[in-house]
Each structure stands twice: as structure tokens, then as C-alpha cells.
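Residue numbering begins at 1 within each chain, and the chains themselves are lettered A, B, C and D in the order written.
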Amino acid sequence: MRVASRLLVVACLSLASGTLAAQGKPRARDLGIPFDGTPGRLNAITDVAGVEVGQVTLIAGDGPLVVGKGPVRTGVTVIHPRGRRSQDQVFAGYASLNPNAEMTGIQWVKESGFLAGPIALTNTLSVGLVRDAIIEWAIKQGWSDWLFALPVVGENWDSPLNDIDGFHVEKRNVFAALDGARGGAVAEGNVGAGTGIICHEFKCGIGTSSRVVDKAAGGFTVGVLVQANQGARERLNIAGVPVGLEITDLLPCYVTPPSGAGDSSCVKRNPQRPPGSGSIVVVIATDAPLLSHQLDRLALRAMLAVGRVGGLGENDSGDWAVAFSTANPGASVDTGFARITMLPNDRINPLFEATIQATEEAIVNAMVAAETMTGANGFRVYAVPHDRLVAAMKKYGRIK
Amino acid sequence: MRVASRLLVVACLSLASGTLAAQGKPRARDLGIPFDGTPGRLNAITDVAGVEVGQVTLIAGDGPLVVGKGPVRTGVTVIHPRGRRSQDQVFAGYASLNPNAEMTGIQWVKESGFLAGPIALTNTLSVGLVRDAIIEWAIKQGWSDWLFALPVVGENWDSPLNDIDGFHVEKRNVFAALDGARGGAVAEGNVGAGTGIICHEFKCGIGTSSRVVDKAAGGFTVGVLVQANQGARERLNIAGVPVGLEITDLLPCYVTPPSGAGDSSCVKRNPQRPPGSGSIVVVIATDAPLLSHQLDRLALRAMLAVGRVGGLGENDSGDWAVAFSTANPGASVDTGFARITMLPNDRINPLFEATIQATEEAIVNAMVAAETMTGANGFRVYAVPHDRLVAAMKKYGRIK
Amino acid sequence: MRVASRLLVVACLSLASGTLAAQGKPRARDLGIPFDGTPGRLNAITDVAGVEVGQVTLIAGDGPLVVGKGPVRTGVTVIHPRGRRSQDQVFAGYASLNPNAEMTGIQWVKESGFLAGPIALTNTLSVGLVRDAIIEWAIKQGWSDWLFALPVVGENWDSPLNDIDGFHVEKRNVFAALDGARGGAVAEGNVGAGTGIICHEFKCGIGTSSRVVDKAAGGFTVGVLVQANQGARERLNIAGVPVGLEITDLLPCYVTPPSGAGDSSCVKRNPQRPPGSGSIVVVIATDAPLLSHQLDRLALRAMLAVGRVGGLGENDSGDWAVAFSTANPGASVDTGFARITMLPNDRINPLFEATIQATEEAIVNAMVAAETMTGANGFRVYAVPHDRLVAAMKKYGRIK
Amino acid sequence: MRVASRLLVVACLSLASGTLAAQGKPRARDLGIPFDGTPGRLNAITDVAGVEVGQVTLIAGDGPLVVGKGPVRTGVTVIHPRGRRSQDQVFAGYASLNPNAEMTGIQWVKESGFLAGPIALTNTLSVGLVRDAIIEWAIKQGWSDWLFALPVVGENWDSPLNDIDGFHVEKRNVFAALDGARGGAVAEGNVGAGTGIICHEFKCGIGTSSRVVDKAAGGFTVGVLVQANQGARERLNIAGVPVGLEITDLLPCYVTPPSGAGDSSCVKRNPQRPPGSGSIVVVIATDAPLLSHQLDRLALRAMLAVGRVGGLGENDSGDWAVAFSTANPGASVDTGFARITMLPNDRINPLFEATIQATEEAIVNAMVAAETMTGANGFRVYAVPHDRLVAAMKKYGRIK
């Protein structure tokens, strides 16, 4: 068996419209989970005008792990702040709760105040390839390699579902994600860089959400996309409900041969994946005219959402947030002076709140959209059962 | 009327024993509010051996504000990491969610890894005096002013209850707090630096809590003391319950003449105190042998607790945490080499969790212990009504 | 003897015009020391339009140290970015090479991007009083205490010349410095916060310098003021010449009774003042339209100048720089949006170079302007002899 | 012509002994340039016991640039803190003057306090591949990919000498550098990651130096290795001598056909390589028992040396330093507690000074060792002429 011949590469282009209809499956708020604030039309990062998302999903093989052969459960997700054809930089900032994960390029974002090119997400061991591939892609577009030599690439550890040591992401996958990026609805769950990841010991992946702040607060949109791979089950908290204490079974385990949920043969947790290891990367887009130091502040608030859902910023967790503003086009172009617009600090609180709300919902969306997956060596990770999630909400008075 | 003649100075020495009995009033867990984790004997920062707390409460006058005359509602709280007689420095670190508040001395803590002398808390405008007074006190103890010239002093804004522009804290108050510090139970609510402060638009103040981690995790204690002055009502969240949406009345307001809760004449919020302004300082003590960079990490986790209770790190909020370890006595003494003990990073997660839990409970303790106060110009801030708090817990399934 | 009765308070208002003429003594470049770049008209921080400097010098008493009685050798220096009557905030940033010194208020500058009110410098133990006094002064001006509650105050340790433990700075001295500030030439050497300080084991103090960058680079001005108290003699380096190896005598020492330079009885260095302890604060003003994160960058470059003159950022040294831009008036005023101008990063190098050059010259100016001083307990610190400084320059080919 | 067939891969293993003899060419101090402090036996980073350096040099082709075909002038340099066979982590820290360059893995070093595995240096566009290759190599050694998944890789831009867009570094080159690393003398100049780089507009590359502090200061060794690609000619300063103002010719230029130095046809500077762009990475090793926060401090001092030689931390420059301590073996191994030794802060100044001195000498060593190189499109960069360097030293009284 050659993995390559069976490798299923799915380029997740934009979905046509809507969200529930488009994906054919419910999102967290479709289940009735109460979230605060008002989402945008798509309830996605792409509600911020110009933002495009491209994802490539790599799924191939089953059974025993043979390093380099698979099974493969990984992928790439890219976000173009101003769309895939724009070289125009954006003001950007970042924060980290516990940077036990790579985030290339971020120090120059901090120093310069600007992000050049896309943000990409992938698995931990493919960060280098994805980073180099973005540069190669930028060169091919005729963009100055000088400006795009420090791409921002974040990651999650997607072993043991994925043969991470096999380095299965290839440059062409990165190019496909970059070129395939579009606005519109964003696929969630087991897709792109979220293909093989786990949060709070349920199958997880890519999630997205957005908020539109009141007209009085400027009417700005904040969109969030997460690659969610963090958290221990017992600390899972959704809308204030201790879900992790209500659903204590369905833990990740090995099934040999593969068997159904709750199968008594599926009991062995992976010792190399202790609960609470894993990471989360949060990408925050806004059209509010924030400068870089203000975007650092937005990014830090995303970490509060990670905490609300039950994250600790565990020692093994790489908890990062990157935030950018699509306002102020052309600000990085040297024409002598840049004339820019800045939101006063006194008006930033609604954006802080929107960021926390959208990040929380994006994490739950990632979990709700993900589907049970069995990967390398029969390691199985269960999706959160929607009915039991709803039941927990009802028990604690959050759904009538 | 001269304020001085009526100034009530209360040096809150250690309470004899117990917590509920000692204070004669219930704490948050006495009401049945569920908190995770196991507290220490006193459920206080003083459960960490050697830690001493001293508080001086300044309450005087009523009626119209006359700057410099009162009314006075302020104070000082000091924490001696190794007791009031020890010059021995401790490893220390810090974090800030939104440093819109003074925290003197903290940059040298970060650079050197050590905290020398006590941590003090007071109101925003008295930081300078308190800082200088600590140095003067250290000199009087015969300690080297060279080493103790950068005291760590944090603050909260206690106007409009307090005549903050009147600079009512005096050096002798600071000396009294420093000298009066003791181990044992810690007074909570309207005391010391918590006298005139407000959280989530209820009367608030000083709160404390502690956690003891499992023996397998080292059996260490984490103690927390908060000066809690942050948050908007509508975001108040306790044990996952949206308390701020359940108790929407009893907002701070002006009563002239003073009248009872719910009095229809008490409707005007203070425009200079928008909801969500204010600050929180969290002081974290532990006996776990953590180095300074590990204590930075603990401090950052305290901010997750602020978020869980409903803080955003609002633009007007000064959200700081300082953490220290009482392990490794003598580490800062120059004897050629220091032989020190360090907890491996792989064992730090239980301390992260303990910090979040204790910070959350300390905030709620501050709120539960505080009592309704009327201050300058008849500004009144209500205590959270215990019965309605319990009712909200029951409604959302958190108290049976 | 009562110190107060003999206390000489000198409010150093602006000098009328010129620099050499005005001060009646040569500055470093008057001696022929070669510096790179083009200074502004005054070669002072006040070359940046709007900047005002006020200084109060406190000198009183002689002989044995009696804590609280003197001798007194200290003071206050304040810098108003937009003049003493303006509440308008400025974009600001900071850097530190070794923050073993207090710098109040700086974390909020970093977070918010803005500096409100003046920057003040004083001795280490008077930071608190100066900080509180600035707030009191702002309140008296009718400014909002809310906005001006986090003043930026830096410091240097001016013992053993000064009775630092005596806390001799009073609030009225701070008010005098604040109110007396003016544009124009700036007094250097033993004045204001520089009265009792020492650099590279010569008498030092306040120094200032400026640079105007080429018209092609925007023609901006960078002005620097230093409070220079850092460095060991053997590392003193001026214009690349190892001056500290050329002038190895004239070290600080005790004279009892006071005697002349080189007196053989003056040999005892102060054990509590090891060479290389002490600190330097650099204040950088520019009219270039830089945002806060760009001003952080300017501030860090000032530290390179400290290094060029021979500083190590020694463990006992508090090396700070604060930078602000007078461009973008009104940027912090909340009118919905701020329309601001930003210099592109690609044009920032000339400002980096100007900052380094002006900082280096300001340090040397402080040293050249200072005069030999004898303080508490007969501790004497010698001024660098101008003739020997020039001779060293000639020996190493820097003056023909 | 196929580049591959002509690719000269030079694995620079350790040189047998000595330094001048071993390399057959003079180093900076062999020319008589005065440096302060006492170097170790090899005057190299490998004077710190256990440190091993491996370098692979890639030189191939001449003439016109054909992206992907060459000419090739690049390479890889790796530093194993405890030798190539040790998985044992080291305490580590970092600093950056201007992080316009990639430095992967560094945020986790900061957070955790430890560096796992080697540090590698290469060209800007090959960082990703080198990073992934280190992980692959670690997996092959049987090391846990989990622990070694965040390698530290720094870089310099080696265009236009090198066909940087051609991505010529291959994983096997990285493996060769990792496996070929040894103690002993370290090749300098046009080798490894220094092959195609330029400093102060002279040919530059890898340089190294060391210092041994006095026995009274602990007798510790500080070793430095630089990849020096920074600086403009006019600011070049060596031992206080303005060398860049003395040697104003021999600027990088295009020669077609290749011609000798000073050839009048070689006048065109590369517009894509403005003076002062480029970067410097400084790697600092010590056997002093420093903790991570102390190593951050050492790293920052290296930046002072960059400044002394004439660097500004220009906007296009990526100025990084990484510091590690080989003391405290086993400190990162989880055995419940780590018993470690820490040098008191009060004893750190000699190490600060040693770091600055060794970094300065390492930069000059890189420049002195490098040889004139002609690369892609006939771009030529001249070596600094030793005789004129000596002449400048004499003119300014630094060599008799």
C-alpha cells in the first residue's frame, strides 16, 4: 500500500451561502446553546470584509502506524487578511497564554506593527515546510520575497490520530490552500489544520464565529477562527455549564479492531497525549481601525475565552492568538507618510467583549462540527454527542 | 468638622482562628457556592506558611465631598511573604491583563527574579506615599535601603466612595499595616485597601482563598489575596451562573438623603465611574519551589479567573497579578552560589489550576464579605444580597 | 542647624539664549570632541518644539550625614512634552536595558500607547512623593485626576553625596519645577535631578543634546535629556577614546577635612557605591510622527549609546529610556476616530541614528557641565578635567 | 550546467588545534587589534566545555542568477550546547534589538526557561526546512519528537551573493552539520551559515570568540559565535576607531566580467541591499550557572556590542541573541525536584562584560576571516584589507 495513491486531498473552498444549510449540519447555536452578542451574517471570520480562508484536508490510510506511510490525518488552513491577491499589509498584534507551540514570524509583527501575507495553520512538524512554501508562493506571485520572508505560521500537534513524524504535508498542499482561499462560509471540524486535532478530549478542529458590535460602538465586525486542540475533559465548560463533568465517558482510546462508541475494548488513553496537552491558535480579524498595540490587546482577550471554556494554558499547551485589522489599507506602503485612522482606546471595550464571545463560540463550533475519527493504530476520538450536550444545557438551566 | 478627629483607623490584625466563626459572617462557600479544588485550613493566603497580612482601614465622615476633608473610605493592605521581620527575598513574577494601574517596583522583580520586602495595596493616588513609606520603614528596621528601594505597591481607584483627591493615607497608616501584619485568618470585604472599592457594581474589597494540590502533585499550597474593583454587572458570572443577569437592580447610585436599597430616589449612576472601570490586583503566594519565570506563568493564570468571573480587562481596568514563592529561603543571599530547588515545568499544571480556582473564590469572597457602604456625596454601593445569590445558584442547578 | 533654613532652592528656568554663552561654560563639542550628526539650534531636548523643562536644585549643608538633616544634594527635573499648560497626550514608548530603578506609570504608557502629563526625574527615594505631587498638581490645574493618575517618574540614586534617606524633596519643589518649566536652553550638570549624581566615577548630572535629520529623511528633530548616574571609570569611552584608561585618578573619595583634588588623604572609595552601580534615565523627544511601538524602538536605541560610552547595564544600574512624539496633537482625544500620521518603518533608521548620537552627546554634556562636588560625610566627586579630556582626544587622533 | 553536479559541500568539522595555525590565517587579535578581557584557549565558543559546532558550506556556480540553479553561496551552522549526542536541555534566554528575522522556537525557550536540542543558523528562506530537518534528525536519534518539536533556528539574508530564492539547502546538509559537529577550533568567515553574508559592507560570515572571567569572579567562560550580516560601512567602528570612515572604497558591487578590487567597472551597489540591512545572530554559551532570566540579560548585553561596532538595529536588520548555560545538567529532567545552582545577580557583571567583549571580537573575527567573494550576477563583496585595517588602528593610536 502506498499512502500517496490513497491520499484524499480535499480543498475546502468557500461554501456557497448560509451556514447550517451550507454545511448540512448544525452549529453550536443551532443546538440552542446560548451565546452572548450578535454574530455577523455567516457567523464566521469571513464576515470581516476581504478575509479569505483556504483549507486542504489530508486523510489517508487506516490501521497500524508506519512512520512516513500513515495513517494521515492532517492539513493546512490559511487566512488571507485582504484576500489572496493582495500584498497590502495589515496592522497586527498577538498574545500568548503559553507559547508551547511554534508561531513563526510573530516577533517581526510585534516589532513592525504589520503582518505581511497570509497566516497559516498546520501540524507541529510541518511548520517549516509551510513557512517556506508561503515564501515560494509569494515569489511566484511576483511579490517581493524581501517583504514576505517572515510568514506567520502556527500549529497544533495532531498525533496520535496523524502520523505526524511522517511529514505528510507537501508544498503543493500549501499552494492549494493559498490559491483556493475564498470568502463565504468556512468549513468547520475535521478540516484543514483541524483534521486530526482534539479539544477537551472530544474530536475537535477548525471553528469560526463572529460578532458585530452595536452601531453606537461603531458597528464593527470581529471574526475569529480557531484551531482548537486544547483542554482536559473534566474542565470543559460551555456557557457556564460543566459539560466535562456531565459527559465523562467517550474518552479518546485505542480500538482494535475498530469498534463502536462505548465499546468496552476502547479504554486505553494515550500516555503520550496527557489530558490538557495540545494547543489552540486563535486568529482574530476586525474591520475596526486598531493599531498594532491595540491588536495585541484584542489577542490577549481571546485567551480569556480559552479560560472560560476550561483551558489552563497547560504547560504542554501552545496557546496563541494573532489579531489583525483590515482597516487602513495602504498604511504600510511608503509614500512619505501614512495617513491612518485609529479607534480611541476609550472605545475598545466592545471589541474586547466581541473577541471573547466569538472565540468562545468558535471553540464550541469546532467541537460541535467535528465528527468521530479513528486514526493511526486505531486511536479513536469521539465527537461530542449533540443530544447529551443539549441535555447538559437543560440540566443547568441554559436551554429551556 | 475636622475629619481627623473622627477618623476611624482600624488595624486589622490577624483574626484568632477559623474563618466563618472568626469573622462572624459567611464566606462564599458557606453559602453553598460550588468551587473546585481543596482549600487550605484558613482558605486564605496565609495558608502559605510564613505569609503575614496587615490591613489598616480608614473610614471617616459622611455627606458632601470636600477635597481633603473627606468623606474617607480607603486604606492599606500589606503582605509580607516571609513575615514582617524577614529581609529574605523571594522568587517572584507577575502578569498583567491590562495595566491601567500603577504597580511600582515590578520591572525589577521581573529582571532580577526576586521580590524584596512586602507587597502593598492602597488607592491610586496614595501609591507614592505608600511606596516611600515602605522604604522609610525598611530603613528604620535597619534593612539596607539599597536593597529595599523599589517596593512593590499596587492600587485600586476608590473614588467616588472615597475622597481620593484628598490623599488621606498617611505614612503612619502604612507603618501600622506593616507592623500589624500577622498570619492567621484574613479580614475580607470593606477593609484595608479594599475599603472603598467595587466589583461588578456590587460593594467589594479584599478577598482571599487558597488551594492545596494533591499529594501526588507535591501537596503544595497556593494562596491568593485580591483587591477586587473590576467588572460590569451584566457580565458577573459565579460558578458559571450569570448572576449579573439575575440581579440587575441594586446598582451603585447617589442617595440624598441616604435611603434604603431599592429606594426610587437612588437611580443615578456615577458618570465618572463607568461600569467595568476599576481594577483588580491579585497577590499569589505558594510554597512550591518555583523560579521567577514560572511565577510569571502562575500570575498570568490568575487573569483567567478574572475572565471567568466576567472581567474583560476593560480599557479602564488595571488588572495585575504578582506571584511569589516562599520556597528557597536564602536564594538571594550572595554566598558565591545559591543552591536552589525547582519544580519541573511538567509538574506545574496543578498549580495553574489551583491559582485559577483560588483567584475565582477570592473574588467571590471579597464580594460576599463586603457590606453596603455609603460614601462621599451620598454615593451608595450595595452588597450582593446573599439570599438572591443563592437563589441564582439554585435556578441554574449549582445548588440543590 | 536646621537644614531648611539653609536650603538653597534653585529653580532653573530656561536660559535666555544660546548655549555656551548662556551657561557661561563650554559644552562637550565646545571642547572639540567630535560627535556625528547635526544638532539643533540649542543642541537640547527643547529643540523639539513645545517641549519645556523645569528643574529645582536642592543643595544645603556640609559635613557629617545626619539622616533627615542633610547634607542635601538632590532635586527634581520635569519635562512637559507639549508645554506645562497642555493636557494633550503624546504617543510614547519605552525600553530598559536593566530596570534596577523605578519608572512609575510606564506600563500603562506601553499598553495605551500614550503618555499623559509630564515626565519627572528625581532621586530613588523621592519617586513616590514626586508621583503623588504631579497628580496633585494636575488636579489643581483642573485636569482630570482620572487621566493623570499614572505619572511617569524615573530616578537615580544620589547617595552618598546626598542624604537620600532624609527624603528632602518636598511637594512644593515638584510644583516649582512643574510651573517653572520653559523652552529654551537647558541647564546641565549639577542641577535638578542631576544634582547629586555620578557617571563613570566623575561628577555628572543632567545633560541634553539634539539632532536634526536630513531634509530627505524628513528634517525631523530628536532631542534627548539624560539623568546620568551610570558606569565604571575604567570603561569610560568618549568618541571611541578609552578616556577611563587615560584618567585613572580623581576617583570619588572621602575628604576629611575637605581637601584638593589628588589630595593623598582622599583615597577611600565608597563601599556602598561600587563602580558601575547607579543608573541612567534617557528622555527622548521627537517631532517625527511615530506611533507608540515605533517609539519603543527609538528608546531601545538609546541603550546602544549607553553601551558606547561604556555602560554594561550593570546589575545595580537602572537603565531606562522613555520616548515620545509631539506629532499628532489631539490623537488621544475621543472624537470617534483619530486621524493620525505615521512615519513608515522604512524611514526610521535616521531617527535611530539621531537618537544614539544625541544620547551619547547628552551623556558627555552632563559630565562636561558638572562641577566637582563635596557632599555628605565629605564624600567628594570630581568633575572630569576638561584639559585632560582634550588631551586624551588628541592622543587618540580625535582632536587635531 | 547542473548546479548539483558542481555543488561543493564542505562539512567543516573541528579543526585540530590552535587557532591561527589551524586556520592558516590571522584572526583579529593576530593583527594587533586591541580587545579587552582574557580569551579562552581557542578564543571560540567551544571554549565552553561540551559545546560542539558543525558547519556545512554550499558553494556552486558562477555568473547569472537562475532561480533554483544558482549561483549558490549559503550553508548551515549548528551549535550543540552539550554535544551532538546529548538530549539534556540547557537553561536559556534571548534578546532582540530588532527582530526583523526569523528565530523559531524562541518563545518556548522564554516561557519554559529551557532550550532543547541544537541551535541552527542558515539563510532566511531555508529556516523552515532546517527546522523540520532538526526534528527529523532528533526522531532518528530516538529522541522524543514531543520534546524536540520546537527547534531554535535563526537566519541571515544571503542574497544577492546567493540564489536565496532557489532554496538550495537540503535536509541532508542539515543532517551533515548536526552529525559533523565537534569541539575544538571553529572555522570562521565564508563558512556554514556565514557563507554568503556581509557586514558593514565587507564580506563577513561566521566569527567566534570567548572570554574567561577572573577567578575571583568565578573563573567562568563565556563563548560567542556570530552570524554577522549587519551594518553600514560608514558606521563601522573597531576598537573605537572609525574604520568605516577610513576605508570608504571597496563597497559591494557588480563586476561583469569579474575584475579586481577597485576596478572602475565595479561601482553599482545593489539597490535591493541597502546599507545597514542584513542581520546578526549572536549565540552565547557559558558554563556559569545562570538561570533563564539571567541568560536573557546576557543576551541583551550582546546587543551593546553590535552597537559598539556600529549597528543601529536598523529597520531591516534582524538582531537576535540566544544565550545558554551548560551548568546544571539534568535540570530539565523530571525527577520530582531539580536541585540547581544559581549565580547570584550580584556576581553577574563580569559575565555581562565578557559577553560584550566576546561579541565584539567575534564580529571582527568574522570580518577578518572572510575572503572576497563573487556570487550571483557577478555581485562582489570585498574582504576588509588587513593592512588598511591595521593602518587605521595605528592612525588612531590603537596599535603602536
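The rule is simple: a residue touches a chain if its C-beta (ideal position, glycine included) is under 8 Å from a C-beta of that chain, and two chains touch if they have at least 3 such contacts.
Being a predicted model, the structure only gives us computed values, none of them experimental.
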*Tell me, which chains sit next to both chain B and chain C?*
A, D
*Centre-to-centre on C-alpha atoms, which chain is most distant from chain B?*
D
*asked:* How many angstrom lie between the centres of chain C and chain D, each centre taken as the mean Cα position?
replied: 36
*Once you find the CA centre of chain A and the CA centre of chain C, what distance in Å lies between them?*
49
*asked:* At least two partner chains per residue is the criterion; list those residues in chain C.
replied: 98, 110-112, 297, 315, 345-346
*Show which residues of chain A lie in contact with chain D when the two form their complex.*
67, 96, 98-108, 110-112, 124-133, 135-136, 139, 145-146, 149-150, 157, 164-165, 167, 272, 315, 318
*Flag every residue of chain D that touches chain C in the complex, lowest number first.*
97-98, 235, 237, 239-242, 276, 297, 300-301, 303-308, 311-315, 345-346, 348-349, 352-353, 356, 395-398
*If you look only at chain B, which of its residues touch chain D in the complex?*
110-114, 289, 291-294, 297, 331-347
